[in-house]
Each structure stands twice: as C-alpha cells, then as structure tokens.
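What follows is a structure written as structure tokens; I'll ask about it next.
Read from first to last, the chains carry the letters A, B, C and D; within each, the first residue is number 1.
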Amino acid sequence: MELLLDISLLSMLVATAIGIAVSRDLLAAVMLSSIYGLLSANFFVTMDAVDVAFTEASVGAGISPLLMFATLAIVGRFERYPHQRALPALLLVVLTGAMLILATLDIPAFGDPNAPAQTHVAPRFINESGTEIGIPNMVTSVLASYRGFDTFGEVTVVFAAVVGVLALLGSSLPAAGRKLPDTLLQASNHRILRIVSKILVAPIMLFALYVQFHGDYGPGGGFQAGVIFAAAIIIYTMLFGLEAAMKVINVTVLRVLAAFGVLLYGSVGLVAMLNGKNFLDYDALAADPVHGQHYGIIVIELGVGITVAAVMMLIYFAFAGRLIDRSHKS
Amino acid sequence: MSVLFSHYNYWVVIVLMMIGFYIVIAQGNLVKKLIGLNIFQTSVFILYISAGKVSGGTAPILADGITLYSNPLPHVLILTAIVVGIATTALGLSLIIRIRDTYGSVEEQDVRAAEGNRKQESC
Amino acid sequence: MLSHLPILQVILPLLGAPACLILWRPRIAWAFSFFISALAFIISGLLLKQVWQGGEIVYALGGWEAPWGIEYRIDLLNAFLLLIVSGLSTVVLAGARQSVAREIPAEKQTLFYVAWLLCLAGQLGILATGDAFNVFVFLEISSLSTYTLISLSRQREALWAAFQYLIVGTIGATFVLIGIGLMYMMTGTLNMADLAQRLPEVADTRTVFAAYAFIIVGVCLKLALFPLHAWLPNAYTFAPSVVTAFLAATATKVAVYLLIRFSFTVFGKDFSTFDVPLHSIFIGLGLIAVFSASTVAIMQRNIKRAIAYSSVAQIGYMIIGLGLGSVLGLQATLLHLFNHALMKGALFMAMVAMMLRIGGITVDDIAGLGKRMPVTALAFVTGGLSLIGVPLTVGFVSKWYLVSAAFSQGMWLVALLVVLGSLLAVMYIWRLVEIMYFRESPEQAPRGEAPLTVLLPLLLLVLGNIYFGIDTRLPVSVTEAAASSLLVEAYQGVQVGGAK
Amino acid sequence: MSPLEIISAVLLAIGSFLVLSGAIGLLRFPDVYSRMHAAGITDTLGAVAILLGLMFLAGWTLVLAKLIMILLFLLLTGPTASHTLGKAAWKSGLQPLTDGREPAGDSGKGAE
C-alpha cells in the first residue's frame, strides 16, 4: 500500500517537473511549481516528516508561488525565446545525474533501520530527547536545542533575505503618510471574497498562535507560525489595499520586529553564557535543566516566529509596492 | 532486481533534481531559472528525507506504545534548508524585478545583448 | 569570558547586524559596524594566540557534545584565516564611509552596513565551525548578503552580475548540500572530526567518491576556480568599490579554506590524493587559470575588471599549491591566502580612493594619475609589484615557497610555469603603471588625494605588503605549523588505518 | 468490521469516486465553466464525504474537532474560490460554451 502511494506521488512529481520544464507560460509554470511543492509535502508525510511537510506546504505551495505571481504581474507572463544551450545543458545534466545514480548504488537500502544514518547519531535524539529536553516532538528538540545554532543561522538567513529585498525594492515601500491609490490590489468589488476572507483572517491568526505554541507537542513551530501569521496579514492587504494594511502595522515597526526576533534568539544564548554555560545552553536558564530547556525553546521559537512573520510581511509589502508603482506608470 | 526495489526512490529523486538543474542552466527566462532552482533544491530535500525514513517507523513525535521512529535529524536539516531556499527565492525575485526595470526584459538573451552593446560603446 | 572567544567571534557580527538595522542612521551604523568588526579582529588575534599556545580549542554550542550537537573547533588553520578575514574587513570598513556615502543612496547605506556585518558573520561562521551542515547554513548567510552588497551598486550591470552570482552560488551551495547528504547517508554524522574518523571505513564506495566530487565542485563554483569562474569578473567589476575590496580580500580565502578543510581534514589526505586524481586536476586547472586569466587581464580597459581577472589567476596559484599535496605546497597556499588578501586589499582600496576622487576607473580615467594622486598611485604600484612577486613584498614570499615546493617534488616544469605566469602579471601591471605615470592627464581632470580616512587604511595595507615581505616570521611560522599539523596528522591517520 | 467502520468506508469510497470524477471532468469538459463545475465537486462534496468518513473513524477525540474545523474551512474557501474563479473568467471575456464550437479559453484556468 505504502509502495503504491510512494510510486504514484513520485510519478506525479516527475510529471509536474516535466510540465514545468516544457511550459512557456510562466503563470502555468508557477502554478505547477506550487503543485510540486504540495506534492512534495505529501511525499514528506509518507516519509514521516510531518514538520517538514508543514513547512514545505507553507513555503513551496504558499509563500514562494505568491511572490512569483507578484513578480509575474510586474515582468510579464510569457517566455520570449526558445530554450538555449539545450544540448550542452542536457549533456551536463545527464553526466551529473549518472554520477549521482552511481553514487546511490552503494548507499544502504531505502528504509533500512540498520543504515549508519539511523544508528550513529540519531538514536540519542530518539531515545534520550524525552528525558533530556522533555518535549515529545523530537524534531523540535533537535531543531531548537541539539542543533539550535543551525536554527539561529536559519533565522539570520531570513533576516539577510529581508535586508536584500529592502535594499533592492525598499524605495517603493510606502513611507508614512504617502497616499496610495492602490485600486489594483483592492479586491473590494468582490463582495463574497471580501466577506469570506474577513471571516477567515482572525481564525488564521489564531491558528498561527496555536502552531507557534504547540510546536513542542506536534508538528509546527516558529517558522510555520510566522508564515501563517504573515499570510493572514497578506490576505488582508490583498483585500483592503496596502494603505489599509500599513495602518495596522507599518514598515518601521516591521523592520524593528524583524531585527528584534534575531536579537531575542541571540539573547537567550547570551543569557546562558552569562550564567556560566555555553552559548545557547538552555540548561542554564533555570535551576532544573529540563525546565531550562523548555523556557529556552519557547523563547527562541518566539524569536523565530516574530522574525519570520515580520520578514514575510515586509517582503510582500515591498513586492506589492512595486506593483502599485508600476500600475501608476502605465 | 532487489537494488531496483530498495533504491528506485533515490533514482526518481535524482531524475527530479536533474530536471530542475536542466531548467536552471538551459532556460533563458530568469523567473523560470528560479523555478528550476526551486525544483532542484526541493528534490535534494526529498533525497535527505528519504534517507531518514525507517521502514515501519512513524513520525518522530513521542507517543505511547510506539517504539520505532523515523530519524528526526534529516528533518531538522531540511527545515533549515527550506527556509534558506525561500530566502534565496525572495532575493532572486527582487533582483529580477530590478533587472526588468533597468533592462526592460527578463530574458537572459536580451540582458546579455544589452550588456554587449554597452561594452562596445565604451570601447 | 576568554573561554567563549570562539563563539563571540561569530555572534558579535551576527547580532551586530540586526542591532545595526535598529540603529538606522547611516553614520551611526558605520561607526557601529566598524566597532564590531574591530572587536572581531581583536578576538581573532586573541584566538590565534590561544591556539598557538594551547592547541586546538573546541567549543560545544548549546552544551551538547560533538556528534550530537554543533561544535566550533579552532585550530591554527582557521584561527589564521579568522585573523585575515576580520582584519581585512576592519581595515576596509575603516575607509568605507566616504566611499559608501558617494556610491550608495542615503536611504540604503544602513542596509549596506547590515549586509556587510552579515557577510562578515557568515564568513567567520564558515571558518570557525566544525560541523559540515553548519557550513552550509553560514555559506548561505554570507552568500545572500554578498548578493545584496553587490546589487547595491549604482551601476546597472551590478544587478545582472548579482543575479548570475545568485544562480551560480545557489547551485554551488546545493551541490555542497548533496555532498553532505551523501556523506551523512554513509556515516550517520555531520561533525567534521567524526566524519574524518568514520569516512575511511567506507572510503572505497562510489558514494563517498561522489560526495567528495560534489563538495569540491560546489566549493569551486564559489571559489571561481577556472573554468567555473565566469561570474567573478562581473561581480567584482560592478560591485561598490569597497565591496570589491572586501570580497576580493576575503571571499575567495574562505572558499579555499573549505577546499583545504574538506580535502585534508574531513576526507583525509590519503583519500584526496590517492583515491581521486586531484593532484593533477588541481595543478592543471591552476596553471590554466593563471595563464588564461592573466592574458585576459592584460586586455581589459576597466582596471577593476583587470584586477578581478588577476584574482582568478591568483586563485590558480593557490590551487597549484594545494595540488602539490606536500607540506611545503600547502604552506605556500596558506601564505598566499594571507598575502593575496593584503595585496588585493591594497589594490582595490587604491581603486576606492580613485573612484572617490575621479569617479571612474577605466584606463582613460587614470591617465597621468601619478601626478594627480601621487600617494594613491604609488600605493597601487606597490600593490601591483606585490602581485607580480617582486622581492621585499609579500607576493615574493608566497611565490618563493610555491616554486620551491614544486622543485622539491621534482616538478620543475610547474615551477617554471609559475615563474612565467608572473611575467604575465608584469605585463598587465606595467601597462597600468605606464598609463598612470607616462601619459598626460586629460584636461580638467580632478586632482588631489582622497581624504585621510581612505588613505590611512590604504597605506596600512601597503605597509603590510612590505612589512610582511621583509619580516616573514609571523605568517611563515603559523602557516608552517598549520600545514604540517594538517598533513602530518592526516598521515598518522593513514598509519592507524593501516594497522587495522 | 463495526458499523461505524462500514459507514466510514462507504463515505470514503463515495468521496474518492467524486474526486476522481471531478478530475476526469476537469480533463474532459470543453470549457472553463463546465470544468470549474467538475473542480467544484472535488472541492466540496468529494472533500466533505472523505472528511465525514474520517470523522467516523476518529471517534470522540481531538482529531474529530480538527476534522470539523477543516470541514468548516473547506466549506468557506472552496465555493469562494470557485466563485472568484468564475468571476475572473467572465471578466476576462470568456464566454460559456453554448453550442458545439471550440472553447474560447484553453486549460490552465480550470486547473485550480
């Protein structure tokens, strides 16, 4: 049964990928890439990676196509030229692929419980994290504590992205007080759409909070929560326009929040250092190490959530601002 | 034959990776390149996650009565990698918008042609 | 607090970046980032001293010991590189304010400094970490901020250069990710020291071979090793002047470090030299890089582009040293990392001064510069002489070690070609010297030196070029110890493996 | 099999059939509006049947509450999406097919 599911998902993935490769309509390609994201999220579920599936669904099928659609609205939807360099590219790709397939011949069989990947480092996470960290979701334990520094790096990457986007598109972000006749973005003439979305915005935010604080027990965590929270605001922006969204939360606040989340994460590490332990050693946060771990994870997940939500909103605002600029010119 | 059954998963993933890689290098539209990059990266993620699957295991969330869990470590790595991927995509898309503003096109061919003209002028 | 130095080295700039964004005013942002960078430099100095006296430092992040948690592992090799990167960042940043004020719109200057700190943090993080996956994360921090830094330029070509770099850089990083994944499947660990122990058992599998290949190709894309160098000249030419100075002095060094770390520490010398014909590939590619890039450099009209091509050539020298595979060869590479940072820093810093005063750096702009900006021109020439490898400059020291390393292995042809390559450097540097000193300035050309804040860092770099060319004790002793510890320990590893 | 399981199995089968027929309809129907009709079945009745089937399996647990919430969410968003899609198609000038002629618009729109 699992094999059947596996094979059908994989073949759908291949079909989607080929569809993207041959399509010259970029809108269709982006749509397909969003489907690709959703399919791979499904695949991750069959591989027991529920946290990853959650993230991939919100990124691969959510934020990433959204930004691409915004870009297409600005740059146009059709490819102009047929593919160049097809033959040398094909050669290179076949060569790389052949090398990889050769490489897989010696790796342990798929699902083998005795593979080195399963027997060396991982058993400690599976057997000990319950007592060492004290939360059921091992992925959160590893993510936030054992490999907490990677996650710190991850937040910094998100922060680096927003610095780049602001540097490139920041000039079209509306400054305080500047009027924005953004009729283009307002879908307010769609009455049904408006009413339904208005109903949904608040539950989505609530769900974001649930994901944020329930990440210890089930799939979820700061990143997913941040994306979902941002999605609520983005829906609001789409319906009522950028200007209305800015009244709720303005760019300066978002910028400070984006930086604040990273600082919050780092300060947990610094507090641990001041208490005489190593950077990010949450044991130092409370008398009882397991409590300390718990506090540490809650705070850093909050930091991740704040930064991610602020960054996603800022990036969307920057793109939407560009779109408005453009509709002004034309 | 047994190799086929125990490894077909990896091979399909490699085919996916290579389709993505092909789109990146062979196609001239910049947005398409980024889509290809996304597929390439997502397929690498699938490779990692496949490596963490244990036959008969369940999702790595502690629950009563379950003894066999899949490996959580690749999941953690890929969570990080997905975030890195979206960060790159966002930055790449903003670059594309600016390229469109300055060159009037998002086709590699047009941009290269514009570059070439400029170089000749300045020489 | 001294025991926390390894992590402070990285998190200072890492936390400095968001703090800098909150500060927002460009002038404060500059002062703040300079302060952070200087602190990082001081820390790296202390770290080098600690390692030199007490040996390797291991710092377990989050308090989780190595294969389960992430560790920072500082030995002589990365302590030395930490010093180079943070030092060059500090010196260039010291002279950056006016140049940034001129080349970057006011509202983006703060973002520039934030991106700079992120880039610095990313590079330092790559150097300090002992965990293979952590390398990937910090590689992406430094890459994303580098794309930002390049695209902040006012020249429109910078956007295209940044996009090309983004595509190439992401492919490279993904290749590295594939390599790390394959290694993980075979060994079950991500920690470098642990990998080094567990890889020999599976060294004869095709998977490990492919893992090595993917990591090397991925890093070489970042390194811009010939023939994967196409993105570099554009990126360096169109980036803001100070960014070019910073990147040329540091980014390639970090990539070479990764190459060394993966080849000699993780996979081990016996694997990278016996199982893979890396030897001849590196020497061959290095030589081709030296000759082709130097030839192209001769024909450039934009001197920034000429020196960028020369970077590709210099990377060739570093790779030749690696390919030799001996202690002396590796030492030559490490020395050249240090020296190349000094000379490229000086050359590009001189161009920062030129851009600031005359607003352009094509061959026409710099005609007669020797009279108009005597100090800057002299600094440029000194840097150029160092690049050629004239005695009493640092360039001579590393070439000398490289040539003698080649000779000691009986590769006289390689030695000869290295010397011949320097002749090409003479050609492109002499051409610029001729234009600066023997051509008349155009009418109404601006004259006068750049402000002291730019000149002082420039002179510091030039003095460094000369000082370390004469008094070679510090770099030579450090690199010698680092090289022999890398190779000799690896050699012991072979013996242990053989005893089994 | 308990009665609950049988009910659930029947519901799941109905749901799967509806989703499948929706997919076939999406491919076979001639124009955007009829295709949307097929897609709408997948979204609403198909999904509802499957969710109900799952609910019978779940029993009185937290999972049931989650499934109900998913159901509510789908019932709100599915028709809204269909409505918006139809409106967008109408606004962009696509005429419904009333006789045997070729459709004005190609696939893509209906693929959502």
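The rule is simple: a residue touches a chain if its C-beta (ideal position, glycine included) is under 8 Å from a C-beta of that chain, and two chains touch if they have at least 3 such contacts.
Chain-to-protein mapping (UniProt): A = Na(+)/H(+) antiporter subunit B; B = Cation:proton antiporter subunit C; C = Monovalent cation/H+ antiporter subunit D family protein; D = Monovalent cation/H(+) antiporter subunit G.
In this text the structure is predicted, and so the values were computed from the model without any measurement.
Chemist: In this assembly, which chains make contact with chain A and also with chain B?
Modeler: Common contact partners of chain A and chain B, which must touch each of the two, are C.
Chemist: Comparing centres built from CA atoms, which chain ends up most distant from chain B?
Modeler: D
Chemist: Name the two chains that are joined by the greatest number of C-beta pairs in contact.
Modeler: Result: the chain pair A-B has the most contacts.
Chemist: Rounded to a whole Å, what is the gap between the Cα centroids of chain A and chain D?
Modeler: Roughly 27 Å separates the two chain centres.
Chemist: Centroid of chain A to centroid of chain C, CA atoms only: how many Å?
Modeler: 32
Chemist: On chain B, where are the residues touching two or more other chains?
Modeler: 21, 51, 73-74, 77, 80, 84, 87-88, 91, 95-96, 98
Chemist: Chain D: which residues touch two or more other chains?
Modeler: Answer for chain D, listing residues that touch two or more other chains: there are none.
Chemist: Touching two or more other chains, which residues of chain C qualify?
Modeler: Those would be 133, 137, 140, 144, 147-148, 151, 178, 184-185, 190.
Chemist: Can you work out from the touch definition every pair of chains that touches here?
Modeler: Those chain pairs which touch are A-B, A-C, A-D, B-C.
Chemist: Could you list, by residue number, the parts of chain A that touch chain D in their complex?
Modeler: Against chain D, the touching part of chain A is residues 25, 27-28, 31, 190, 192-193, 196-197, 199-200, 203.
Chemist: Help me check something: in the complex, which residues belonging to chain C touch chain A?
Modeler: Chain C residues touching chain A: 4, 7, 11, 14-15, 17-19, 21-22, 59-64, 67-70, 107-108, 111-112, 114-115, 118, 121-122, 125, 133-134, 137-138, 140-141, 144-145, 147-148, 151-152, 178, 182, 184-190, 198, 202, 205-207, 209-211, 213.
Chemist: Chain A touches which residues of chain D in the complex?
Modeler: Counting only chain D, the residues touching chain A are 73, 76-77, 80, 83-84, 87, 108, 111-112.
Chemist: Touching residues of chain A toward chain C in the complex: what are they?
Modeler: On the chain A side, the touching residues are 99-100, 102-108, 115-122, 124-125, 145-150, 152-154, 156-157, 159-161, 163-164, 166-168, 170-171, 255-256, 258-260, 262-263, 266, 269-270, 273, 277-283.
Chemist: Please give the residue numbers of chain B that touch chain C in the complex, ascending.
Modeler: 21, 24, 30, 33, 37, 40-41, 44, 47-48, 51, 73-74, 77, 80-81, 84, 87-88, 91-92, 95-96, 98-99, 102-103, 111, 115, 118, 122-123
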